[in-house]
Structure formats: C-alpha cells, structure tokens
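The structure under discussion appears below in the form of structure tokens.
Note that the chains take the letters A, B, C and D in the order they are written out, and that residue 1 is the start of every chain.
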Amino acid sequence: MEQREIEARVRDSFAKQSIMTTLGAAVAAVRPGEVEIVLPFSDRILQQHGFIHAGAVATIADSACGYAALTMMPPEAAVLTTEFKINLLSPAKGDRLRAIGRVIRNGKTLVVTLGEVFAETGGASKQVAMITASMMVVATGSGLRD
Amino acid sequence: MEQREIEARVRDSFAKQSIMTTLGAAVAAVRPGEVEIVLPFSDRILQQHGFIHAGAVATIADSACGYAALTMMPPEAAVLTTEFKINLLSPAKGDRLRAIGRVIRNGKTLVVTLGEVFAETGGASKQVAMITASMMVVATGSGLRD
Amino acid sequence: MEQREIEARVRDSFAKQSIMTTLGAAVAAVRPGEVEIVLPFSDRILQQHGFIHAGAVATIADSACGYAALTMMPPEAAVLTTEFKINLLSPAKGDRLRAIGRVIRNGKTLVVTLGEVFAETGGASKQVAMITASMMVVATGSGLRD
Amino acid sequence: MEQREIEARVRDSFAKQSIMTTLGAAVAAVRPGEVEIVLPFSDRILQQHGFIHAGAVATIADSACGYAALTMMPPEAAVLTTEFKINLLSPAKGDRLRAIGRVIRNGKTLVVTLGEVFAETGGASKQVAMITASMMVVATGSGLRD
C-alpha cells in the first residue's frame, strides 16, 4: 500500500472509534510502522487528583500502537489488541498528551509494538508513560475489517 | 477503618474521577481488598469494530484494582498506579462490563492487585480481560489524598 | 487425549528442557489445564542477596504456564511463549518454590494463562510471585512438536 | 560515584549472582544508566525445541535492567525487581545472546527500565526479546546492599 492509502486507512478506522471523540483524541501523524495520537487536557478525563486518568493514557497509547501495527498489515486484515503493559512514569498533566506507537516486530500472526506517551506543556515535553503491546492480525474471514 | 468508612472513602474518590462520568462507569461493590466497577455498553466508548475499546476495559479494570488497594491503605495515604498489564481474552460486547479488582499482596510501598473483567449479557457472564497492577502508596506529604 | 497421555506429553517435553536439569526443577503435577513445577533451593540459582533469582522464579512460572497450555492443545501442536509478565511479591527464599500454571482462556491461536509461585518452608507456604502469560499454538508445519 | 566505582559496584554484585555462573552469563559493558550482559549458547539452558529457554532470556534481561538501575542509585541502596514483562519476538538461537538494559525513568522509589535482547550469530544480530521492568530502590536499613 502507498503512504497515502496507509494514512487514509488509519484515519478512516480511527474515525470509527467513538471513544476517541468522547475523550477528545485525534490522529497527529501516520508513518509506516509509526502512528501519533494527541489528547488535549480536559476536565472530562481526569482521576481523583486532577491528573489525566491512567486509563485515558492507556487508551491513546494502545490505539497508537494498534494503528502503527495496522500500517504494516495486508489490506484485508484487521487488528485486535491481545495484551498490553503500561508503566506510568509521572503524573499525566499539561496542555496535551502525545502517544507515539512503533512496530518492533512485524510477525505474520502477532505484531509487537512499543509506545511512548509524552505530556506537552508550552514548548516542553516530558515522557509520562511507556507501553508494550501485542496486536493480532485478524483475517478477513473473521468478518472484521479495518 | 470500618467497612462504612472504607466504602465512603472509595465512593468519594471515585466521584472525583471525571473520566468515570464521561465513560458512564459506577462503583458496584466495595469490600476490604476488593472493589467492583460496572460500565454499561454505550455507543460512546467503542473501537472500530463496535466492541468496547480496550482502553475503556483497561480504565475500569485499573480503577477497580486501584480502589481495591485503597481499601487496605492508611487513611492519610493516596493511591497511584505505577504499572498494569492487561490480557484481552475476548471482544468486549454485551449489556455491560463488570471489573473486579482484588489485592494479592498488601505491601508498605506497593500493593499488587489482580483483576478480572466480565461481559454480562442477559443472565450470562463471560470473562473478557485479566489485569495485574501495581499501586503505589503515596504519603500525605505529597499533597495527594484519597 | 486422555489424562495419562496428557501427562506423558508434558513430562516428555519437560525432560527435553535442559535448563530444568541445570536449575534442578521437576514436574510435580499435571492436570488438564494446570501444571505444577517445583524448584528446590540451591546455592546455584541465587541473586546477590541470597534469594532465588527472579529469572529462576520466572523460568519455572513460564514453564508451568506453558505446559498448562499444552495440556489443552491438539496432539500435533507445539507451544511457544509469546510474552509474560511477572510481579515479584516477596523475596524468594525457603526450602523450595512451587509454580502453578493455569489456563484462563483456551483460544485457537493464543492460550492465556495465570500462574502463582509459592515459597515453601517446612509446612508453611507463601506466595512470592504472580505471572500472566500468552502461549502461541504452533502448528506441526512449523517443524516444532511437543 | 565515578564511572570506575559504578562499574566495580555492578561487577561485584553480579559476581554474587550464582545463577549467572550456572547459566554461563557475563557482564559485557557498564555505562551510567546502561548495562550489557552476554550469554553464550550452551546445551544446558535450552527449552524443548532446542532454543534458549525464555526463562534464561528473561534472567539476563532482568539482570541487565536491574544493574542499569543500580548505576543510578546512591551507594547505600540495593536494587530489587518488583515486576517485569517480556515479549519474545523470535526463537532465541545463535552463538550468544546480548541483553542491554537502560534506565527510562530514575525515580526515588522506583526506577523504570527498558531492555532489548539480541541473538548474535557470526557478525549478524537480531532482536529476540523486549523487556520493561520496575526496580525498587531498597534502603540500607533493609539489611540489603549492592
């Protein structure tokens, strides 16, 4: 697939993830094997101390990794997360979060990814989370498609 | 702390997690070392195939584990997730999700938890995810409080 | 497969894991979906403080989970670990370690497992680790067989 | 601490890990925040298909991460792994494995690390595993010392 098609595929699929609209997240960049998602701070996605909830951090990190995997998959495949692990490094606060997912191992059945989440405030950026995730390549016969 | 105080503490803190209102989640049960959170299906929390997004599953699983840990902590402490890992076992679909978090090891600095998420449809229940999470006991001096 | 065949399959495969002889581990029990491995304390498997090394704990926990998965697989399949996560709950010391692996989700491609490791001293037993692991079902065509 | 002292500290502690002698592993490099460990292939550390056992891969990856963390810690502290997660990317075979652990977040209580394991064959190198690990900074009062 060409870069233009890859990007359209990711953006079309992302647009169908209603949770992204609910949280306020958007695709910031699509490259082969790498996807960026941004999530502006809002008072609708917080935990009890006023930081962005670890679940929201994980949501964009998981999607950045999943779409990074999708950029490498054949057109007829769909992607499903089978597992991920996230380390929360610092409280998630600032103007916005930026999650960057990258493919580490592009397997036939499983694609393994590594992602980082940064909190951006003014011009400064600080890493607040690290994620590793396994994405399953689901065949068309499953009825799923991305 | 008494059971009544423990439950009030969890429910008060949960009420401050704005993301729970945004997703539609609620506390279903609080016991010493164990907390349940339910999340009704809604078309605002989905991924691209119409299942509940792994990030929403992780959000309630993380909070169930975090609050299970909080039930064991001294009154002046606050709880922060340092890491979690989630295995997605089946697509998350049905009437609602129920996350149950339990304390496995109640350490002075770290509380380790295990959680399960079930999809409930009519009277049937199916496990859709398993989570393990580490919760840090944060002292009052940090300015945080639950 | 019958229980007798399942047990023989696990014990035959385990006997081919040379690392188990090197560490001193042995299969203690095989049941459908559940396998136990024991590792006696020895001064050849320690970390710098005199506890059993986390890597040795992980080795028997991983194998207990892998063989629990294998008990559920078709005769012609082989099992490979794709990922695991382990929480170390307490220093691993005592007379011996006992790892118990159990199948949580028996999928066609991936089998997800949960394991516990206990340190046994005299008649007492204390949980020292918790593991979650994904096992891939590898087809005969791969040239691998268990 | 100076580089010379840091390296001596790591090598002295590593020499006390009897499992490393048992497996045949050695420290290859020590830099501030980064440690390399090599493990030559031998028929004493294998799983049932003739690959190096995932547990041996995890053992050197965990130690590389733990010692990377130790290079950043005050002289009187000791290091304990609280959790790690490893993704196995390809069968571990070749002349030797090389694990490289790096500090991602140097916290006061927890140090979070990321590690990679490569299989080296002749002049070629291939990544076979990725690990993320949390290391606890244990105070002298605990009776432990590295």
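Everything below uses one rule, namely that a contact is a pair of C-beta atoms (placed from the backbone, for glycine too) under 8 Å apart; a residue touches a chain by one contact, two chains touch by 3 or more.
Quantities reported herein were computed from a predicted structural model and do not represent experimental measurements.
Averaging C-alpha coordinates per chain and comparing to chain A, the farthest chain turns out to be C. Set side by side, the interfaces B-D and C-D show unequal numbers of C-beta pairs in contact, with more at C-D. Remark: chain A and chain D have CA centroids separated by 29 Å (rounded to whole angstrom). With each centre defined as the average position of its C-alpha atoms, the distance from chain B to chain D rounds to 33 Å. Averaged Cα coordinates give chain C a centre that lies 22 Å from the centre of chain D. Touching of two or more other chains is recorded for residues 82-83, 85, 87, 134 of chain D.
Taken together, the chain C residues at the contact with chain D in this complex read 13-14, 16-19, 21-23, 43-49, 53-56, 58-60, 62-63, 78, 80-88, 91, 144, 146. Within the complex formed with chain C, the residues of chain B that make contact are 85, 87, 89-90, 104-105, 107, 112, 114, 127, 130, 132, 134. Across the interface of their complex, chain D is touched by residues 82-83, 85, 109-110, 134, 136 of chain B.
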